[in-house]
Amino acid sequence: MIQLYNVTKTYDNGVKALSDVTLRIHKGEFVFLVGPSGAGKSTLTKLLSREELPSRGQVILDGKSLIRMRPGEVPYLRRKIGMVFQDFRLLPQKTVFENVAFALEVIGASKKDIHKSVPKVLSMVGLPDKAGVFPNHLSGGEQQRVSIARALVNNPFLIIADEPTGNLDPETSWDLMKLLLDINLRGTTVIMATHACDIVDALKKRVLELTGGKLVRDEKEGAYRCEA
Amino acid sequence: MRLSTINYYFREAFQSVLRNSWLSVASIGVVAVSLLILGSSLLLVLNANSIAANLESSVEISLFLKEETSSDEIEALEKEIKAMPEVTEVKFVSKAQALEEMKKNFGDKQDILTGLEEKNPLPDALRIKTSVVDQVAPLAYQLESFDAVDQVRYGQGVVEKLLALSKWVRTAGLVTMVLLGIAAVFLIATTIRLSVFARRKEVGIMKMLGATNWFVRFPFLLEGMFLGLTGSLLAVVAVYYGYLSLIGSIELSLPFIQLISDRSLLVPLVESLLGLGLVIGVAGSMISLRKFLNT
Amino acid sequence: MRLSTINYYFREAFQSVLRNSWLSVASIGVVAVSLLILGSSLLLVLNANSIAANLESSVEISLFLKEETSSDEIEALEKEIKAMPEVTEVKFVSKAQALEEMKKNFGDKQDILTGLEEKNPLPDALRIKTSVVDQVAPLAYQLESFDAVDQVRYGQGVVEKLLALSKWVRTAGLVTMVLLGIAAVFLIATTIRLSVFARRKEVGIMKMLGATNWFVRFPFLLEGMFLGLTGSLLAVVAVYYGYLSLIGSIELSLPFIQLISDRSLLVPLVESLLGLGLVIGVAGSMISLRKFLNT
Amino acid sequence: MIQLYNVTKTYDNGVKALSDVTLRIHKGEFVFLVGPSGAGKSTLTKLLSREELPSRGQVILDGKSLIRMRPGEVPYLRRKIGMVFQDFRLLPQKTVFENVAFALEVIGASKKDIHKSVPKVLSMVGLPDKAGVFPNHLSGGEQQRVSIARALVNNPFLIIADEPTGNLDPETSWDLMKLLLDINLRGTTVIMATHACDIVDALKKRVLELTGGKLVRDEKEGAYRCEA
C-alpha cells in the first residue's frame, strides 16, 4: 500500500533528513518507526501526509504518486489518513469536542454522526469528561490523547502516529497501544514513530530503524533493544 | 454543498467572531473609521462641487443691443438664441429696467442718477445663462457677430477665475477621493491580514486534517463579510446623522450656503459605503488567507 | 543599565523589525497612511483659515463725511481713528478720487458719468481697516456718532456672512482635526496591538524565563519608536512634496489663491507629524504590551 | 528549601488539579514526580515557578512565600530556577543559540560570557551544530534538548524539568539523565516530572506520586514500578 523508492529529503536549510530510503508497507501492517532523536522519523511521516515533498525519489500511497498529485487532491488523501502529530496541533480556539469533531466536519458528516462518534472516541482515549475544555486548559498527556482521538474518529484506512505516547504514563500508554492494536486487527494500517522501547520490545511487530536519515534496519517481529 | 456543512460555516464564522472578540472589535473599528473618513470626504467633495456649480450657474452673458433695434428684431434674436443647445435661459431687460436696477445698486446714493431718466444712456439688453460655465466665453464670441448686437459682456476675469477654481475643486476632489479610497482599502486589508496572521497556525492545522481550501476559506469569508458590514454600518450611521446635524447647524448659522440634502444622492452614498464594507471584508479575508493556504 | 543589556535591546529591536518583516511593513504603512491623511487635512484647514482671514482683512469701513467738513477737521478725525486699538489702517479718499474710482468700475460705460465732474455729488470719505472682522460692526456703530460723519457703510450683510463662514470653517476645521487625530491614533494603536497580539506567546515565554517587564518592553518600545518614526517620515515626505507641487500647480492655474508657503508654518507641521509618529509608536507598544505582561 | 503546606489548586474552570498537598524538598535533593496523565504534576511545577498561584495553602521557596511575593520580585525568583517546560516554549523568532542565550541576556551577562557558555551547554545536550537553526526547523527531540540547554545555562540553584525525556530516544534520555545527576551532585536541587518508568526504577531516587491531585506516595529511593 505504501511504497517509497530512493527517497531523499533535504530541507531548505541544507539538512539532509532522509537519504535514499526505499521501503514498502502492506495493507494491514503494524509498523514501528524507531531511531535516535533527529533520525528522520517525523520527516518520513510528513512525506506520507504530503506535508513535505521529497527532494528526490518517489512516494506512492494506495497506488497514487504523492509527487504528481494535484493540489486539489491532497485534502482527500489526508482525510483517509489519521495523523497524530508529535506537537499535537490542536486548534486553540476550539474545545476538545470541536477539535475532534472537526475531522468529521471536514468530510461533511451529519450532526447526528458527529454527536454519536465524538463522545465515543473521547471515551476510548479516557477523556469522556473533557469535551467542553479548551486545549490550553489540558495537561500535556490529555492534549496528546485528544490528538489521538481526532486521528481515530473518522475511521481512516491508515494511521500515522508520531510519538503518540511521549507524554503519557505507562498505564495510559498501554491502554492506547491496545486501542491501536485493536484498530489494526480490523484492517487499518498503523505506522507509529516511537521511543518507547518497552512497548516495541513487547509487541514484536515490524520495526523500521532510521539513523541519520538512513534506513538501517527492517525487521519483521523486531525489537527496540532497550539497553542500546 | 451539504446542509451540515453550510451549518458548520455559519456556526464557525460566528464562533470565531465571538471567541476572537478583540480581533473582531479591532477589525470593525478600523473598517468603521476608514469608511467614516472616506464617506465624510466624499460628502465634502460633493458639496464643494455643488456649491461651485451653483456659483457657475449664476454667471450670465449680457448682450447690449444697438439703439436702433426694433422690438420685432429683438424677439427674433431672443428666439434664435434660445434655440442654441448650450443656452438655458434668455431674458430681455429694457433700458428702463436696467436703470431701475442700477438705482437699486446705488442704494441711498441713487440721487447721483437723477436726471438720467429723461435721456437714459443705457441700452436694451438680453441676459443669457448657459448650462456649463465653460461655454460662456465661446458663446460670447459667437454672439458678438450678430447684427443687432452692440457689445457682449460677461464679467471676463471673474468667469475665468471661477472656472479655474471649480475645475480645481473637482480634480482635487477626485484625486482626494481616490487616494482616500486606496488608503481605506489598505488600512482595512492590513487589519484583516493581521488578524488572519494571528491565526495562521490554525489554517495550517485545518489543511493538515484534510480541509479543502474552500472549507477553510468560507468561514473566514463569512466572518470578513460580517465584520466589514458591521463596520460600514457604523460608519454609515455616523456619516448620515453627522451630516444631518451638520445641515441643520449650517442652515441656522450659514443660511446662504446650500448643502446637498436630497435622498437621491444620500441613498446611493449609503449604499455604496455598505457595499464597499462588504466587498472589502470579503476581499480582505480572501487575499489574506491566500498566503497561508498553500500548504 | 549594563552596556550588554543596552546592546541587547537594540539588537533585539532591529532583529525583530527584520524577522517580522511583514508586520513591520504593515505597521509602517498604517502609520504613514494615517499621518498622511492627518497632515493633509491639517494643511487644508490651515489654508482655509488663511484664505478666510485674507478675505476678512479686505473688508473695510467707508466713512462718508459731511460736505462742510474742513481739511483740518478731517486730519484730526483721521488721527483720532488711527489711535483706536482695533484700527489698522485709515485712508483718506477725496470726492475727486472717489469719482475716478467709480469711473473705473463702470469700465467702457463710464460715459454715463460724464458731466458729473462739474457738480461731483460724491462726498469725501475715510476708508478704515480693522484687525479682525468681528470688530467691523461695533466700530461702525461707534464711528457713526462722530460729528463730521454723515454716513457709515461697510457692506452690511456681506461682512456678517463672511464672519459666519470663517467662524464655521475654523470650528469645522478644528473638529475635523481632532476627529482625524483620534482616528489616526486609533488606527495605529490597533495595528501595533495586532502585531503585539500575534507575538503574545513570546512575551509570556520571556516572562517565564525571568525577564522583568522593562526587559520585555524595551525592545518593543524601540521597535515601536522605529516603526512610528519611519512611518511618519514617509508621511512627512509625501505631505511636504505633495504640498509643494500643489502650490506650484495652484500658482499656475489659480494665481488669485494664495496658499500658505512660509517655512515658519511648515517646519512645525513637519516636526509635529514626526513627533506624533514617535509618540504613537512608543505609546502604542506600551499600551499593547500591558495586557500580556501580567503573567 | 521547598515547602508546600496544604496546597490546593482549583483552575478557573473548576478543575481541582491539586488538593491539600503538603511536602518538603531539601536543598540538593533529586526528586521524581510521577503519576498518571492529568494527575497534577505540571500544575505543581507551575506553582513553584509562580506561573500559577495556589487557590489555598502556602508555597515557600528558599524561605520566601511565593504567595506574598510582590510582582516585581518574581523575575528574580525565576532567574534562579531552570525550567524545562513540557511544551518546550522556545521563542520561534530566535535561533537555537539566541534562545539559549536569552536566559543569560535576562540576567545581563556579558557578550563574552554568552559566547562561552551557550556553545558549551549546546554540546552538553548533543546539539553543537544546530546553533543557527530556528526552532520550527528542529525535530521534536531537538527542541526538547534546546529547552533543557536553556534551563541549564545560567547555573540555576533549582532545576524543574517537566517530562524532559518525553520526545527522546532511550539513549539520548540516559545521556541527559547523567547530565542532570552530575549537576545534582554539584549541589543543584532537581525536580523532574516524568513518565519514564525505567529511568525512575533504575536511579532509586526520591519519588513523589500524585494521583488525581493528591500526594499518594513519598518514598526515599522509590521506584515507578513499571508494569503497574
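Letters are used for the chains, namely A, B, C and D, taken in the order the chains are written, and counting of residues starts over at 1 for each.
To be clear about the criterion, a contact is a pair of C-beta atoms (placed from the backbone, for glycine too) under 8 Å apart; a residue touches a chain by one contact, two chains touch by 3 or more.
These figures come from a predicted structure and were not determined experimentally.
S.K.: Looking at every pair of chains, which has the largest contact count?
M.R.: Per-pair contact counts point to A-D as the maximum.
S.K.: Roughly how many whole angstrom separate the Cα centroids of subunit B and subunit C?
M.R.: Result: the chain centres lie 24 Å from each other.
S.K.: For subunit A and subunit C, what's the span in angstrom between their mean Cα positions?
M.R.: Once rounded, the distance between the two centres reads 67 Å.
S.K.: Give, as an integer number of Å, the spacing between the C-alpha centres of subunit D and subunit A.
M.R.: About 28 Å, centre to centre.
S.K.: Report the inter-centroid distance (CA atoms only) between subunit C and subunit D in whole Å.
M.R.: Measuring from centre to centre gives 62 Å for this pair.
S.K.: Please list all residues of subunit B that touch 2 or more other chains.
M.R.: Residues of subunit B never touch two or more of the other chains.
S.K.: Drawing the touching chains as a network, do you get a line, a ring, a star, a complete graph or other?
M.R.: Looks like a ring, each chain touching just two neighbours.
S.K.: Report the complete set of touching chain pairs.
M.R.: Pairs satisfying the touch definition: A-B, A-D, B-C, C-D.
S.K.: Okay, in this complex, where on subunit C does subunit B touch?
M.R.: Listed in rising order, the residues are 22-23, 26, 29-30, 33-34, 36-37, 108-109, 111-112, 116, 121-122, 151, 161, 164-165, 167-168, 180, 183, 186-187, 190-191, 193-195, 197-198, 250, 253-254, 256-257.
S.K.: Which part of subunit B faces subunit A closely enough to touch in the complex?
M.R.: For this pair, the touching residues of subunit B are 2, 4-5, 7-8, 15-16, 19-20, 199, 202, 205-213, 215, 295.
S.K.: Which residues, counting only subunit D, touch subunit A once they are in their complex?
M.R.: Listed in rising order, the residues are 11, 13, 15, 34-38, 41-43, 86-87, 126, 133, 137-142, 145, 162-163, 166-173, 195, 197-198, 224, 226-228.
S.K.: Could you pull out which subunit D residues touch subunit C in their complex?
M.R.: Residues in contact with subunit C: 49, 51, 72, 75-81, 83, 85, 89-93, 102-103, 105-111, 150.
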